[in-house]
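Worksheet: one structure, shown below.
Note that the chains take the letters A, B, C and D in the order they are written out, and that residue 1 is the start of every chain.
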Amino acid sequence: MQKRARVLIDCDDAKGLVYKISKVFYDRDLNIDNNREFVDKEHSRFFMRTIVTGLFDIDELKDELKKVVPKDAQIRVIEPKDKKIILMVTKESHALGDILVRYEAGELGAEIVSVIGNHEVLRPLVERFDIPFIYIPADGLSREEHEAKVMEEIDKHTFDYIVLAKYMRILNPTFVKAYAYKIINIHHSFLPAFIGANPYKQAYERGVKIIGATAHYVTNDLDEGPIIAQDVIPVTHRFSWRDMQNAGRDGEKIVLSRALSLVLNDRVFVNGNKTVIF
Amino acid sequence: MQKRARVLIDCDDAKGLVYKISKVFYDRDLNIDNNREFVDKEHSRFFMRTIVTGLFDIDELKDELKKVVPKDAQIRVIEPKDKKIILMVTKESHALGDILVRYEAGELGAEIVSVIGNHEVLRPLVERFDIPFIYIPADGLSREEHEAKVMEEIDKHTFDYIVLAKYMRILNPTFVKAYAYKIINIHHSFLPAFIGANPYKQAYERGVKIIGATAHYVTNDLDEGPIIAQDVIPVTHRFSWRDMQNAGRDGEKIVLSRALSLVLNDRVFVNGNKTVIF
Amino acid sequence: MQKRARVLIDCDDAKGLVYKISKVFYDRDLNIDNNREFVDKEHSRFFMRTIVTGLFDIDELKDELKKVVPKDAQIRVIEPKDKKIILMVTKESHALGDILVRYEAGELGAEIVSVIGNHEVLRPLVERFDIPFIYIPADGLSREEHEAKVMEEIDKHTFDYIVLAKYMRILNPTFVKAYAYKIINIHHSFLPAFIGANPYKQAYERGVKIIGATAHYVTNDLDEGPIIAQDVIPVTHRFSWRDMQNAGRDGEKIVLSRALSLVLNDRVFVNGNKTVIF
Amino acid sequence: MQKRARVLIDCDDAKGLVYKISKVFYDRDLNIDNNREFVDKEHSRFFMRTIVTGLFDIDELKDELKKVVPKDAQIRVIEPKDKKIILMVTKESHALGDILVRYEAGELGAEIVSVIGNHEVLRPLVERFDIPFIYIPADGLSREEHEAKVMEEIDKHTFDYIVLAKYMRILNPTFVKAYAYKIINIHHSFLPAFIGANPYKQAYERGVKIIGATAHYVTNDLDEGPIIAQDVIPVTHRFSWRDMQNAGRDGEKIVLSRALSLVLNDRVFVNGNKTVIF
């Protein structure tokens, strides 16, 4: 049966990879709809993403590809279909709301299986969209205890990504490790400027003329994972830090939604602490 | 002898082009340093730009490539070396100056063989850089007569591109045809807004909040050729049209220099009235 | 009782206006929290917006101000409170959704009294927020007949602004005149480029490298009213016009919401076919 | 005699300042061409910049103004005329070249009295513009010894500002103190990200998607003075740090020239570690 798949390969660079990989597609009479490669010369690492259409079996295709690429290669053959995501939120609605409106319009490219909040204030918004809102308060709990409860809820579901849509608590290494490269965060500054708490206040106090937002994978180090997307917004001396926060929200939600779209379309490779985006 | 070349191919799309072309490189033991493709699906047109290194003869390589691509293919194999450009200017120095400073720093990637002005005011600036300035006044001449003189001067030289660095006269079809796809212009608006004379005044009168600049190939239709690069600059109600003009100059020179760099590095394909840029 | 008001004055320019106006505030012991002026020298027109706090009666203050400014002056003294808006929509949810989410968060600065749609597809989204959705189909009706029905619905309400959140029908002069300078539209291009139908298709066909969005007051001429806000988004040759449309939506909704915020905070003066924004 | 001056006042905020100051202008029959105020509410500090024209004596006007503003007020009445600047450079020509071309075009608004280089490589470019280039090598000297020589050269001149146009040496507190708020620097990152050496390499290693440039006053702390202007440039995973450096140069020169224009037009107030820009 006619199929369409995204083929993602990353491996040590080697001679003739484009030729060898495209030969596999050619020999099986597959159409290439789109093809992008990149070689990170510093680390001698090859990345390739191809859209193929035709008659093929995913596992067989993977096996054929395995034969022509270096041993260390990571090969993914993915049929485009909606992925499943879990959202985590605190009190602010802008990033969450942007995702919900896209979801309602059928433009998100993902099914939202659950929204977890450490506060309850966003329950009404979420429930307006007939999506379950799970309230897991942190009051009286240690961070470990709270996260254990969150993980318990998460582990009830099959999902592809956890999206921190302005989830304002720091996550422990245990949590992050459990969902390695599956957690996407929006940080409300132009990283690596203003790491940590209240970046808008920091930006206000430093007197910057531009503020920013950064969507990134979450790794053990706070605000330090591979960056997926960034954007900036101009400000002036007339902005209080609250004004910066308000102005910054538009940047935050757009950057998060853009990063999410890239990730959900399998257009992002993680390359050490960086990303390759096709 | 070890060589490095840019291979640019554009042709009707066909099955297996990436495979067949990369096979040519692979069979000759050439290294691929960089490879980008694009298929314009609307027109079923294939574009590919590859940097190859290794031992090869340019004409032989072209012949081999010809055998595997559709008949209509345009194949270029170009060794990276400084191209030659002719500049045409009127009175404003910002775009010219930006190019001259890059030239002096060895960052332009081109030799400036001549600067032609229809006014003499920029002679001192050009001569400061030990570049010949040719003054061809238009006074008392018809447009045809003036252009004939300019063409006479141009035709004394071997060159790759003519750069209109704020040359403020409209060119006749005869002139444009003579140097098809060799003329790069900077238009001081965000095309297609404000085609024609004094775009800043038009922008001021329309009350826009953003102004722009557009670098494009010159074709017969005024301000209508394929766009290479664009950029914008925010303005407010406080800007007079002169203020817009001043603010816009930075955009103009940066956009022109960026477009020039793309063209000089053979990173631009013309695709009908559009460009494909790798 | 301690009050806070926005004082907006525009009038022919005259000597000493800042002095005379600030004297009125000073004599009445009012605090100035914020003050901005602008003189359009081309038209010799003065604009001033001041936030005053203190003890005053609005009508008395207006009368005092009238005495010191030219006869033609338009003086508004406005107490900050939520304005009322009517939304008009067709099928796309992004601009509407952005406004609804801000509304839910209490960040809109307006009460949404009604959403009127010429299609019914957005009813569920609107009703999720407990806002009345009025479906007024145009099928089988002349434009005049349809607009008469819309006006009938509009005229049931007290309101400050009508917001066209991607309302995809052209409005007749009768309609526009009835709500002069009360209609805010988002046009999906960087005006004045790509006036009229399907600007993304036009942009795609022109091969631009940047697309835009423009929020403006609606006047009789299509896409020709005073511009309030604009923004742009970079695109490449890889974008189909559908891709441009998708990418453009983020720009559209942000620009519309930004323009709406300016208007709702009384920060916009109309100055002929332009705006002055404080 | 008819005069034109920029009046800059900053002082503790107090009631009626706009009224009292505009009264001084009104009583002396001066025209106000442009007027901007700002109150930093956090520090209760008032800033005002007015362009006045008419018949007046500068010292008298200052005395009159002194009578109506708080004791701590800093009052400047400045006649617009070209200021004098000293440039300091190392090896890169882009920022220097941009300033020279503006200077040649009469658009800089400053006389360049001297260019000091710690390397000699930029001598030819500077001398092309008939401007003295003073070579002060640092070889074999301690930083203190080298700076003493530079200060000796600087102190030969009357000047308003020292512009570090990619001067790649750190300055000692003694030097900075000697020319407090007279030194303008361009830092090749989006401060406060990537403080210190080789910000492009830092940016490359962090994998950011946007790079920036920051023009600021130099104070004792490295890269820590009040920010005047910032701008950003998008980058991708395809950029090596050298590519980032090249791309960043355009941002650097534009931001420095923009900051310089603001400073030379007396449009910048220093407000603690921030700026107020009118």
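Basically, contacts are C-beta pairs under 8 Å (C-beta built on N, C-alpha and C of every residue); 3 or more make two chains touch, one makes a residue touch a chain.
Keep in mind it's a predicted model, so treat the numbers as computed, not measured.
By residue number, more than half of the contact pairs of C-D reappear in one of the listed pairs A-C, A-D or A-B, namely A-B. By count of C-beta pairs in contact, B-C exceeds the other of the chain pairs A-B and B-C.
Placing every chain at the mean of its C-alpha atoms, the farthest one from chain A is found to be D. Between the CA-based centres of chain B and chain C the separation comes to 41 Å, rounded to the whole angstrom. The geometric centre of chain A is 37 Å away from that of chain B, both derived from CA atoms.
Across the assembly, chain A contributes no residue in contact with two or more other chains.
Per the touch definition, chain D reaches chain B in the complex via residues 92-94, 97-98, 100-102, 104-105, 107, 124-125, 128-129, 246, 250, 254, 257-258. Only residues 38, 40-42, 190-194, 205-210, 212, 226-232, 236-238, 240, 271, 273-277 of chain C touch chain B when the two sit together in their complex. By the touch rule above, chain D contacts chain C in their complex via residues 15-16, 18-20, 22-23, 25-26, 31-37, 39, 234.
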